[in-house]
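In the two assemblies presented below, chain A is common to both, partnered first by chain B and then by chain C.
Right, the complex of A and B next:
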């Protein structure tokens, strides 16, 4: 088997489990909907404030949902020694990481695509022609988030206090991703300044590349005892 | 403090290549307190079945996990078929099949899906009819497409045995293979071990069932106080087995 096939088998395994349990889907959709609703309520009835805060609220909802998704992605592996069996397979550690990343990124991107029109409608933001570049920002932003979330979720998977440690460890690292994603999204929806949006998107992709290299190199130390 | 190597067991089989299936030298591992393995030496020749005995916490699972590359030795080294478990971990993993004590299957996948995943990750054909054969051999054909979360612990262990047979690995590392199994299942384990030996595989079995080990194993090694001691050599003529202190 080549490494790409191993990546796809690990991702398939995670997605198949999620399709059956729906643990991540139910938790993240519910949590995101509550977050968007509460923030809309907090902004009050100022339409300008609502419009300007739409993309920020979207990314806050995605970020918190992403933590739930990442933590769940390792849960099934911890049951009945399944992770032990997976890690004694002759598969590169990077393939395990990329497989889990692919599944997690897919779920987060799907959530982002689902939440985008909901946030726009709830906050009165007009997407118009910004749809396609916004999808690119969501894809790049959720990729950066998933890169870090899956890495740190793996790091804390065997710890007793993993639920509390995971956000504490990963949020400081993920801040650049979130800032770039919010700025790029706001530039597209608010001012429609494509040049500014493109600059932030390039920065976002740059962060993704840096985090991808670092996480791939370090992941084997995360899962080695 | 590293305990001195006080005992070692060396198994050699006349006519086999010089490379041992398992070679431990001064192996030390612990979890913060006194070392669980305090500088052990062990050679196991290819094709041998060695049973590991010892009380709970003696280090049987630790030793198997070190050989499976899931733990790193604090000191000393371990080799599997000539490959170092730290520096050549990937090569080692390609040569071992491990049976974890809890089975190691995903509950949200069916038995067949678990085996297809395991076969695919070892580079095999996930559509191979060997998967059906393995399921039949362990008596799970009728529930092959049921989710593993609905399996009993004995059925999960049987599924793990099926995965083991599909691995085609020259070294088997079995952690409590008899646990949770009924009489028929335990007999199946014995049959699989005997078949593995006949096929030239090497098997390390951690078990509390000493009477059974005396029947199935070529050597029974006790782990206690961080040291190894050969306590029985029941299965083969004594000449190929040499214990050295």
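Right, the complex of A and C next:
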């Protein structure tokens, strides 16, 4: 089995596990819907505020859901020594990371695509012709988010107080990614400023590349069976 | 016990070093407060800059060095590198917090606001949060090897934002002034006297960093020995613990 196959097998395992248990799907869809609702209450009855906050709310909901998804992907492996088996299997640690990343990124992108029209409808933002580039922003933003979330979830997987530790550690790191994603989305929805959106998207891809390199290099020090 | 008390005391050379540092700090402050010319636009407010910029530079260096020591620990696995990393991390958190406080002091009278969420300020605030996270993680892991590794990883990720921070004032429209001293050799856009005063203040801030590093590393090594001794005692059923591990 070469390394690429190993990556795909780990991703397949995680997705298959998810398809059978649906633990992440149920939790993230429900939780992000609740988050969108709560934020809608927080914005009050000002339609302008709602419209302008639509993309911000979408990304907050995605971020919160992403933490659950990443934590769960390691949590499930902690049972019955599955993580030990995974880590002792003769594949590079980075392949395990990339596999989990792939599965998480897939789930989060799907969630983003699902939430986009819901957020737009709930907050009264008109997507119009903006949706194809918005999908690119969602793909790049969730990639950056998943890179860090999966990395830190692996790091905290067998620590005490991991549930509270994971968001404390990872949210400061993902702030630049969230910021770039929100700005790029807002530029597309609000003014339809493609140039501005492109600038933020480029920055977002830059963050993705930097963190991809850092996380891949460091990952073998992160997990321990 | 006598041996322990003697080891806890600061050695003479360190006390002398810290004394000299304090004196030089007073000299540098005097240069900044008295001998530096007034700025054309900012008047006397420019004097805050000497404290703010020097502290910020050393803060970034401290965070960067934390990551370097962390990387060395991951590479060689020597406890000593972890001790150095913690010491540098404490100074990094201290100097980065001072940077934010100094920046707010400087920005209120010159830019008419304490804070704005622009790229440079946000990245610095995030860096402080990351360094706080570094210590939270350390507090939660008991095994020294695992603790060293995990915190090294956290430090390296924190330092990965430093290049963005360095370039932020040029990449984005921001309230934070652009660099007046470029590291790429493209020159210095600053009055020569002011530059000298700034460099003097930076050198002293560096000496303060080093002084605290020496002291903290000294304490860190004692901590590490104590921890190893306790671990040995626990394994030996309480009766052991004779074996002292020198770090």
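Quick note on the criterion: the second predicted complex is superposed on the first by the 223 of 225 C-alpha atoms of A that agree within 3 Å, B and C clash if a C-alpha of one lies under 4 Å from a C-alpha of the other, contacts with A are read in each partner's own complex, and residues count from 1 in each chain.
Assume a contact is a pair of C-beta atoms (placed from the backbone, for glycine too) under 8 Å apart; a residue touches a chain by one contact, two chains touch by 3 or more.
Just so you know, these numbers come straight off a predicted model, no measurement behind them.
Looking at the shared chain after the overlay, A:176 reaches chain C, while chain B stays out of its contact range.
Touch criterion met: A:224 reaches chain B and chain C at once. After overlaying the two complexes on the shared chain, residue contacts for A:161 are found with chain C alone; chain B is out of touch. In the overlay built on the shared chain, the residue A:92 is in contact with chain B alone; chain C does not reach it. Look at A:13: by the touch rule set out above, it reaches chain B but stays clear of chain C. Of the two partner chains placed by superposition, only chain B is touched by A:80; chain C is not. Applying the stated contact rule after C-alpha superposition, one finds that A:211 touches chain C and leaves chain B untouched. Common to the chain B and chain C interfaces on chain A are residues 224. Chain A makes touch with chain C in their complex at residues 148, 155, 159-161, 165, 168-169, 172-173, 175-176, 179, 203, 210-211, 214-215, 218, 221-222, 224.
Listing the residues of chain A that touch chain B in their complex gives 1, 5-6, 9-10, 13, 16-17, 20-21, 76-77, 79-82, 84-92, 224-225. Those residues of chain C that touch chain A in the shared complex are 74, 122-123, 126, 129-130, 133, 136-137, 140-141, 146, 149-150, 152-154, 156-158, 160-161, 164, 171.
By the touch criterion stated above, chain B contacts chain A in their complex at residues 65, 68-72, 90, 93-94, 96, 98, 100-109, 113, 117-118, 120-124, 147, 156, 160, 163.
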